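Each of the two complexes below includes chain A, the first together with chain B, the second together with chain C.
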Partner chain A sequence: MKDDAHTVLECHDVGVTYGDVVALSDVSVSFIRGRIHAVVGQNGAGKTTFARVIAGLVKPASGRVEIEGRAVPTGNVNEARRAGVELVHQSFALPPSFTVAEAMQFGATDGGVYSRKQLETRWQKHLDALDIKVSAGQRIRDLPVETQQSVEIARALVTEARLLILDEPTAVLSPEGAQKLFERVRHLKDIGVTVILILHKIREVLSVADTVTVLRGGRLVEGPIESDGIDAAKLAELIIGPATRALDEDDRAALTGAAIPVHHTQATATDAQSPVLKMNAVSTRSDPEGPPLNAIDLTIHQGEIVGVAGVEGNGQRTLVRAISALADVSSGDIQIDGKDVTTAPMKMRRLSGLRVIPFERNVEGLSLSSALWQNWSIRSLLQKSLVSAIQPTQLRRDCATALDSWDVHYDNVAQHAGSLSGGNAQKVILSREMDEGARLILAAQPTRGLDIGATAFVWDSLRRAKSRGCGILFISSDLDEIMDVCDRIVVMLSGHVAGTFEPPYDLTEIGAAMTGVGQ
Partner chain B sequence: MDDTIIAILRSGTPLIYVTLAGVIAQRAGIWHLGLEGLMIIGACATILVITATGSVAIALSVAILLCVLTSILFWFVVEKLKANQIIAGLGLTGLGLGGTTFAVEAIFGSQAAVSAPFGLPRLGPWFGSFGSLSILVLLMPLFVFGMWLLLRRTRFGLRLAATGEHPFAARSVGVRTDLIRLSALMIGGVLCAIGGAELAAGSLQIFSTNMTAGRGFMAFTAVIFGAGHPIGATFAALFFAIVGALGIRAQLLFGDRVPHDLLLGLPYIATVFGIWLSAKLRGGTRAISNFGELRDS
Partner chain C sequence: MSERIVAIVRALVFIVIALALCGIIFSIAGYSATQMFEAIIEGAFLRNGALTQSLRWGLPLFITAVGVAISFRAGYFNIGAQGQFYMGAICAAFAAEWLNGLPPLIVIPICFLAGMTGGALWSLWPGILRLRSGADEVITTLMGNFLASLVLIYVTSGPLKDPSGSGQQASSRPLDAAYRISTSYGLSPTIITIALLVFVSMWLLVNRSAFGVLSGLAGRNPTMVTWQGARLMNIGLASFVVSGALAGLAGTIELMGPNGRLASGFLPTHGFTAILIALVANMSITGTAIVAFFFGGLSSAALYLPIIAGLPSSAIEIINAAIALFITAKSGFVDRVLRLGRRGTWTTR
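Right, the complex of A and B next:
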């Protein structure tokens, strides 16, 4: 038993199950007050669930949570907040139409009728005290993500928070933004707030955290360990565990963020071949779904993987929508495999060899309530005419063959796509979109939310497609991944290309381009 | 001129009360298509209880109680049984329209209308030609202001807006979104009862079956038209009332020279036009999906 006076949080045998899935099992861990604790693990390790249990958002099936030596009723946000626990979510939880001041007030615990001016004055003071440079009257939706995150942190500190949990705070930040965040976290530690950082990059863990705790498959592997006493290689081993497949040294580094990866494979592209994608000064009309493109020039050759880096929300989605006929192109032209498709509908583009692995696997990629064979056969059906006859038996058979060859784990092709795990669902999309007819593949965040095995599988598939001569546009918010996989990197900032980089990559230069420094 | 203003206030006041009920539900994330049903329950209960007991106070209390209870039922079906809001709302409207017709027939036989000996208290001669309006007309601006204050200037209002716009954010700070929706619907129930009472007993003192004649749906339209903002929606409701009153004036003026049906349809044509205009000004479908868009500054 540790000294209670120094323990801020203690979990005993916490277990959480979602339906049949065990998210956490028998996690017992305790954290010392006044330090920065990192909790690491791969996707699906149970990090977010762990954070939500402590914050009272998820009620564990078993176990106890003690804060500062006092048992707190689980599954109750108000009790957790009263005990001083605040959680900042990975995807922020602030209503976009609120002003900053309203977002603060809505999380506060006092105050009756207010005037707008009173509210803004009150919370401006709070923001200034935390050195967050934002006006209290601005709307959440008008703020860049880094500021939104700062506001969310300020929101978490409106009450006397003694334990602040940040869930994957660096996932939406540029490298420079992450450094600023870590400074802020150190400042919070100085004023006596205990911080738990949920992270997945070892580099970041070692640079900011005092201790590190490793979760894998919902279980506590080890921790808290003093971060002075552990090196990147050992930590990577704890996170990955006995890997199911042998990983290349660089891939391993990229997966765990242990070291900055060095891209060493050569592009097989030659300029003599006609490019599979050529965009000349493409601009799009503004629409509510994201910033418009602003004179984008982009060329992808056969056998080349081009990475798009950038802080999320800088036009990456619009780029994908413009190439796949979903955004209005106002000027410029788009060619796929030498054919002008600027005004062509999606069907023509797909016939030209365009394939899309979309951002939202479960919304845009698959119809979760439809059968696997229906999801799979939509590619061939979309390329036929509307009145062509369909032979379901044949499609089911072809689907089974394709899914087997892509190593998808499923019971039968009639089961709903929603019953597959994230990795398997993504493999269904890959088997559909990376067929022999593919010339240009848009891979939008293809590894988001996948565990290490599935991520490595996606990378392998992309590399195989590249060696077949496909051109690939690879969009990710994880720079390590982009630097490991891509032959060339373009950085997007507010809808235009802010820089193009060739290997060997320089993280600092790419990071600077992402935030627009030095322009 | 006074006649026209009186006609506008007479038809606009019940509509505005019901619109406020729609606004608070919309902000809490509920598309309230049961307004029509609640309104007619309020109207029917008021007249029947005045007839039975001779007390306006008891009649209003019973109307409010019934509408609040029905609203709780609606909440239970939508929130706890996870039924589709639109279907449940239409069901509630059906329950109101059918239930009141059934009640009137059960008590008075096949009679389609019931008149009470008297209605709500009137403003009286002190107000000159406006004296025939009920006191609920005078109280209406207070309710509008009160609703604005509640929704836009209190923490409850912020939590209610968050519940509608980003329920996860609301739950993250410990808001019980189910209870917020319950309170929004209960407040809405009170307002619908008042709106119904004003309709049946404000200037008339009669209940006839199906007398709401789509006013609940018109109120719902005003909510969308006014982008979910209490003041905006009130003006939208007032706009419908003005168009309606002008339609009646036009009938008197043009007589047989213009088809009668066209003039009767005028408010509805204006509604369609108004919604088109508001969507155009605020940018297409966003006006409807982001109802929190119109903000007072």
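Right, the complex of A and C next:
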């Protein structure tokens, strides 16, 4: 293992800080050539930062990086690429209007003048060699997510990459898509490329990786460990750490992706209970933020959590926007708590008990450069007329009380929302949107980017709201959490409901519905 | 709290740097920097009557600047204060012309109403264009400034032309003395009262009303406010209208107070100085009052520059421009000097 001849990457005491936040500290690790290495950890563990250091995108404050025994200047993408390191990002970076061939050429290091045809023949060969089934003349924006990712990988391999890093590649894929990706990764290993996979689901790690390395809180916990020599439970222990708290067995599994998830609680919904949301054949006009809805029927009862599964970009945003009066409904009707709100503005819908935890907490949920108390009090202020008088002192006090009861860590309510950590920022939103008056809660990706403690907190909060009688729509791209938390799952595919599932859930069936192969 | 201190320190640093830069430039150009500073301090504060003159210039600037601040806070870069100021003065002048002969107690309030409405309407159309169809308000309000200047030229050389005018500068017939709210000296209890009313009402609007909090949030993150269910239309149009009405009010004051008549191209930099004031004050109402007094001082000192330092009085414009340069370039340099740039505070959209 210490044999330099076989070591492709070696990191010595790498440390990275962003402002006051320590993202990585003293990480020393080395990886052997020609294998598949997984790097795991919860959100905020430093996985992505680690990947970015190796790829030269982040300059570490301390430490050094050696590739194939040669020290590489840190913080320089070109040096890292020259040394054979390529990184495929979590969010894709291909220009949507380019053809596949153009995108490939964009990644190549050689210049020159080519005709479109020459380019396409040139790169078609490359794609075929990698067994990627796509025509080089197609535009990126017309490709499904899985293929886009394959093209990203192909582009990363345009140069003689010896070390390929994939950052959370399965986050955007259906379970089936993930399996295909893993086959591709094994193929890469066969042709001699070392692959580092940043992952966060244990069963994915165990199914594909040769070794696993665990990060927690920016520190190396253990690794690389041979994945044959470790089981899911032990790995979950390493990832979560000593602060395991009183985490329920199922929740634990769902948080770490250790096992195929089962449903956590008994379904409490019965048809006798009145629906808090009823959508009858709702369609929308084309929406700037996603595909339009196509005749959606959806009912959420009191005390029920309904999950929306689906590959991102299949109308989940439009669904939330339609219920919130942000997207134009063209036909069908929407009822909240028995009242028809199809044409009502959001203000009225909120009065009926609609609450929204938006997708992007830093853009749609909070104004980062405004004070906490302003962010918190906007919901009540919007129910008043613009010229009505307010008492900031009272609002600040109310805000402090609410934030304290939600266990938000903050200095004072006048501080900017942007100074809070992700978990705390989300708690501010929860405290605003999960008040006494809430009847229907739209929770859109409420745990995205949160660490395990904060994720469990969000789940608990939703379950508490459910037991109070709220109806909850839970949208997530993480199937494990949906299966664990939700009483019923609907799968969305290109703007319509492709299937409804009740527990016990079958991962394969849901996965098939997500990609539309089950039909 | 500390944020407020930071804002004050920052504003001071900008002004000091700008003044120092001007001092250097004028020294290179062969003038005496010490004499320049002497002229400014004397003319703004120390000379007999200097403080009154600083107020005379500062109060109308303050009123316009408060309007600018309200618009900027809501996220609309309404730079049309100059045009709205002119339109206010023009509408008030028409009202005074038509009602000429009626008792002042009737004429003066109607003139004020007309002036504020004129300014508000001149700000409303860019607001509607922006909120209905997304037309950039920077472009439309800037065009509005040019249009208003042309209307002013037309009015002073057409409908309201003073037949006995010298012809040097087109202007309207002087207002009847009974309708004036101050002498040409420019400061009167009426003007001070109006400015105080503006201060109190606008302070309440910004700090003690739902509009104040909501427009502040909308200015920093309109997406979030939309997701909360706010109608940006209402908040936005209200901001445009209030800001235009205040500029129109300032125009009316200048017409019925110190100027006493409309003159083509009068006070051509009023609206732009007001923008500068709002920016230096970081959109705070109290801050705007203080900064407006300072800029009023600079305007007052302009008279002394030729006398004491041998500089043309338009040198003040160069000082203003230097301050503008640093204020608008505020991201980065000074923040880093003040070690405030720990984390980005503005949302990136």
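In this text, the second predicted complex is superposed on the first by the 515 of 519 C-alpha atoms of A that agree within 3 Å, B and C clash if a C-alpha of one lies under 4 Å from a C-alpha of the other, contacts with A are read in each partner's own complex, and residues count from 1 in each chain.
One rule holds in what follows: contacts are C-beta pairs under 8 Å (C-beta built on N, C-alpha and C of every residue); 3 or more make two chains touch, one makes a residue touch a chain.
Being a predicted model, the structure only gives us computed values, none of them experimental.
Peer 1: Check the residue A:130 against both partner chains and state whether it touches chain B (first), chain C (second), both, or neither.
Peer 2: Neither chain B nor chain C is touched by A:130.
Peer 1: Applying the document's definition of touch, where does A:367 land relative to chain B and chain C: first, second, both, or neither?
Peer 2: So A:367 only meets chain C here.
Peer 1: Touch test for A:19: chain B only (first), chain C only (second), both, or neither?
Peer 2: It touches chain C, and chain B stays clear.
Peer 1: So in the superposed three-chain picture, is A:388 touching just chain B, just chain C, both, or none of them (first/second/both/neither)?
Peer 2: A:388: touches chain C, not chain B.
Peer 1: Have a look at where A:378 lands relative to chain B and chain C in the superposition and call it first, second, both or neither.
Peer 2: In the superposition, A:378 touches chain C alone.
Peer 1: Given the touch rule stated above, what does A:57 touch, chain B (first), chain C (second), both, or neither?
Peer 2: first
Peer 1: When the two structures are overlaid on chain A, which partner does A:102 contact: first (chain B), second (chain C), both, or neither?
Peer 2: first
Peer 1: Residues of chain A touched: more by chain B or chain C?
Peer 2: Touching more residues of chain A than the other partner does is C.
Peer 1: For A:325, select first, second, both or neither according to whether it touches chain B, chain C, the two together, or no partner.
Peer 2: Touch status of A:325: second partner only.
Peer 1: Would you mind listing the overlap between the chain B footprint and the chain C footprint on chain A?
Peer 2: none
Peer 1: Which of the residues in chain B end up touching chain A in this complex?
Peer 2: Residue positions touching the partner: 149, 153-155, 158-159, 161-162, 165-166, 168-169, 171-174, 283, 286, 290, 292-293, 295.
Peer 1: Would you pull the chain C residues touching chain A in the complex into a rising list?
Peer 2: The touching residues are 1, 3, 204-205, 207-214, 216-217, 220-221, 223-231, 234-235, 238, 342-347, 349.
Peer 1: Contact residues on chain A for chain C in the complex?
Peer 2: 19-20, 324-326, 345-347, 349-350, 356, 358, 362-370, 374-375, 377-379, 381-382, 384-392, 414, 416, 418-419
Peer 1: Mind listing the chain A positions that touch chain B in their complex?
Peer 2: Contacts found on chain A: 55-57, 76-78, 80-81, 87, 89, 93-98, 102, 105-108, 111-116, 155, 288.
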